[in-house]
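I have a structure I would like to understand better, so I am pasting it below and will then ask my questions one at a time.
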Amino acid sequence: MQNLDESILQKVIKARPQESFKGTFGKIVLVGGNENFGGAIIMAATAAVYGGTGLVTAATDPANSAALHAQLPEAMFADFNDDQLVGDLIVAADTVVVGPGLGDNAQSLHILKNVFEYVHDGQTLVIDGSAITLMARENLKQPACQISVIYTPHQMEWQRLSGIKIADQSVENNQKAVQKLNATVVLKKHHTEIYHDDQVFKLPIGSAAQAVGGMGDTLAGMVGSFTAEFKDDGLDAVLAAVYAHSAVADQIAENQYIVLPHQISHALPAFMKKVAAQDSKTHIGFMD
Amino acid sequence: MQNLDESILQKVIKARPQESFKGTFGKIVLVGGNENFGGAIIMAATAAVYGGTGLVTAATDPANSAALHAQLPEAMFADFNDDQLVGDLIVAADTVVVGPGLGDNAQSLHILKNVFEYVHDGQTLVIDGSAITLMARENLKQPACQISVIYTPHQMEWQRLSGIKIADQSVENNQKAVQKLNATVVLKKHHTEIYHDDQVFKLPIGSAAQAVGGMGDTLAGMVGSFTAEFKDDGLDAVLAAVYAHSAVADQIAENQYIVLPHQISHALPAFMKKVAAQDSKTHIGFMD
Amino acid sequence: MQNLDESILQKVIKARPQESFKGTFGKIVLVGGNENFGGAIIMAATAAVYGGTGLVTAATDPANSAALHAQLPEAMFADFNDDQLVGDLIVAADTVVVGPGLGDNAQSLHILKNVFEYVHDGQTLVIDGSAITLMARENLKQPACQISVIYTPHQMEWQRLSGIKIADQSVENNQKAVQKLNATVVLKKHHTEIYHDDQVFKLPIGSAAQAVGGMGDTLAGMVGSFTAEFKDDGLDAVLAAVYAHSAVADQIAENQYIVLPHQISHALPAFMKKVAAQDSKTHIGFMD
Amino acid sequence: MQNLDESILQKVIKARPQESFKGTFGKIVLVGGNENFGGAIIMAATAAVYGGTGLVTAATDPANSAALHAQLPEAMFADFNDDQLVGDLIVAADTVVVGPGLGDNAQSLHILKNVFEYVHDGQTLVIDGSAITLMARENLKQPACQISVIYTPHQMEWQRLSGIKIADQSVENNQKAVQKLNATVVLKKHHTEIYHDDQVFKLPIGSAAQAVGGMGDTLAGMVGSFTAEFKDDGLDAVLAAVYAHSAVADQIAENQYIVLPHQISHALPAFMKKVAAQDSKTHIGFMD
């Protein structure tokens, strides 16, 4: 097991090429937010916009459209009940995030299956929250095509998906389960662990100031954002997102008892600039 | 009668345990906000989110969903007309707040009765605003189960609930009424008083800069937030919420003619950090 | 004609009495904002909330409820088509503002007439924008009861109401027309003039940075706010509102090419604090 | 081909005349924002309001009204499906912007044709985004009346409109196509080019931090804003808008990895003040 450190940030977050346009930095579709949990998909989309993905669409319940655009005009909206529209958006996307605030009823399941129908080779699919619960409960298999699947469960969701009780979630047991899944798993906990093939990474930063609702939705949005924007970086993009999420939170927590999830997203453009400006330099004080 | 001072803050607001998750810091459901008074439940929910409760749901009129999520994506939404959904949320909650912007018509009464039906042993129930008026007018008894009931009336609401005219609201008369109620009473006024069993506490801080609409909704949200988040602290959590509410307001009022209620909530994470950082130290200048 | 100066601020904006509650600082109802001009009533209500009025209700088209509460949870909402509800609110108010974004169609006229039906002796009625145009076009008389009526027309609206062409709007002609009206008139222009009985005041401050949409809605809200909050000050409350509006704008305009109307409202609590802190001192540098 | 520099800003952005009112600074109607792309028209309208145009109306899908007013009360709203209302607004406008978030279906086409029907001699018409695509696809001619037409295509949209493949978009080829169009073309790319008659201007500033969704909507709004507000400046108003857009972005990008489009708009009042304060001075350090 390898401890992540800030070098992962500099490996991924580099100065942008001058000859580029918004398409250069990826397209992401985030699917979730039923009529009760609209804030979840808004927080995930906020992370994607502020993380720098070129084009961001939130596919969600129409009840959430006004709240989305009231705070995030930079994102586009789609009705998550419109299978064809969501399908078309997915076909054109680099990364799809499904789950934040999706819920776990029949409607949620239908939407999740529609997502799985349209994803295709070469894409990244981030599966979060109730989408994981639904897969476990309904015994729904992950798409069979050549996509990078990333799960972002907390421990109870991981128990449901892997069948491993929380008390038994040792690195060894988790690794075995992950290898069967053919996926990357970001297991959210105090000192989050990231499993990928035979590699295990541990996040040594973060704090209990992040233990508030919406923190995971923001993480899912950041993981999605980085995989779309830095798509050549593969696993490193995932690791950088996980690291950046808690590094920013730690900075905010120096002056706050809790960290509001949206504050992490809003701090990303400045944080990422500092990383990119460091470039070849390493390790020392770059976050000051 | 005992004067509250800032030591109550340090007693309650401590550094968070590292091994924790959002569930560690409580679940709260806030019920209120009809089609006219949506801002009230939004302000109460804002206090709960920024106060640090782990999971926050606002059960309110669907007309308020967009405004809620537009400014507070961290909160979840429930239709307060959906008795079963609200009931399920209440069953899973540590604290229930009912009243901010609830109104006092037949719909309001139905919703209030539904809340009373689902609360259960071991919970905290904060009863505010028109919920108090409704109880008095409809002669509705507080739930009989083993819950901690906290009323947050202003003087006229207290008159309605206790039958004691404002002019006659002496400490002695109030104490007798409170003891019959089997509840804690936060009597909002210039120098708010808190009654609990045979104890009476007086708030020596606060100012007329707080005399604006929504101030009480924010207080109800903070009391709810602290009782869920610091549930082992019992009455102290209530006292700390009441003290923090005016301590933050006093800081803002140094530079403002009035204090906007939402500003108190937004200032909480930084305020609580300063308190927690003081820890074992006492009394001197911790708010500087 | 008398030049206003900052002494009018200190005359009106004093330290708040400690023994007070939100009712002490007045109730205001603002009526306007049809489906096209919702921003107007929101800006007026924002001025009233940040100006410090104790209780603020915006009676407007239901389409504007979400946008109102998304940015101003401190205000309450009423459907301006509900004659009885609006009437009840007006009966309980100290000040009624009608006109910002009201429009000038049949619905607007009906709403305006409903307002005129419910206002009563002892209140202040601020008539702004299209409400003035409607009165002129429909030959609608101002309410006959003992209320303080304040018109806030720009020059074209004043032409419509008074029959005096803009080119002929001399102080003398305006005074004659105002005296027939039995009202106070705030004639908005470069160097706004305020007419009241045989008195005429001139505003020597303000700038073209204020020449943007919504500036008048904010002024109407401030005039309403001050007349409700400082109701014993009569005409002085109006003069203080007009002066404060441009004094704040001038401060913002030091660093901005234009002043956004909502920025004036947001700056009021700090501005008013500085004024109140000056108290008995006069004139020198209080805005530094 | 001429490099733009900051002198274009001082040529256009001057101190406002004291004797003025909001009408002095122009009226603009922005048409776009279907139910999916509401953020686009909101961002364009935000640019127009913060850019200083006197009166700003967004004609858009009713689904976007709440989100518009929640963040921009200074703008007015019109239902873009109401042909007559939109037509009346256009008749009274100095500048019309059509396209941001308009979409490209039958509804979009109908709305676009309605705009073209009402524009008239002496106006400026900014055609952006999917409106360009629609014109190309439907072979829709630009209005024949004496208006200043400004296209703001990115390279693919320009290919569609001009028939020139991206690889062949040389200055010479572009110029020929523009001259046939009888229009000004702002060709958005790394180092944007502006074509007008036989003149070509190149924007030497800007960066890849601007390569995010919504950046073009904001530019269209600024171009519209400046042509309405500084209408006597003709082409210079367009050039100043294009230059200011990237100059502000460059300032923000000093501290941010990406620039959020709405941040550019929000920074305009302070930026324009610095320019206007420079007045007769030139070139050196005015943006410090």
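By written order: A, B, C and D. Residues from 1 in each chain.
Just so we're on the same page, a residue touches a chain if its C-beta (ideal position, glycine included) is under 8 Å from a C-beta of that chain, and two chains touch if they have at least 3 such contacts.
What you see is a predicted model, and the numbers here were worked out from it, not measured in a lab.
**Q** Which chain's C-alpha centroid is most distant from that of chain B?
**A** D
**Q** How many degrees of rotation bring the Cα atoms of chain A onto the matching Cα atoms of chain D, given to the nearest 5?
**A** When the C-alpha atoms are superposed, chain A turns by 90 degrees onto chain D.
**Q** Look at both sides of the chain A and chain B contact and report whether the same residue positions are involved, with over half shared, or different ones.
**A** Chain A and chain B contact each other through largely non-matching residue numbers.
**Q** With chain centres taken as the means of their Cα atoms, state the distance from chain B to chain C in Å.
**A** 34
**Q** Just how far, in Å, is the C-alpha centre of chain D from the one of chain B?
**A** Chain centroid spacing, chain B to chain D, equals 48 Å.
**Q** Would you please write down the residue numbers of chain C that are in contact with two or more other chains?
**A** 66-67, 70-71
**Q** Which residues of chain D touch chain A in their complex?
**A** Residue list for chain D touching chain A: 35-40, 42-43, 46, 63-64, 66-67, 70-71, 154-155, 189-190, 207-209, 211-215, 253, 255-262.
**Q** Contact residues on chain C for chain B in the complex?
**A** Chain C residues touching chain B: 13, 16-22, 24-25, 49-50, 52-56, 62, 65-78, 268-273, 275-276.
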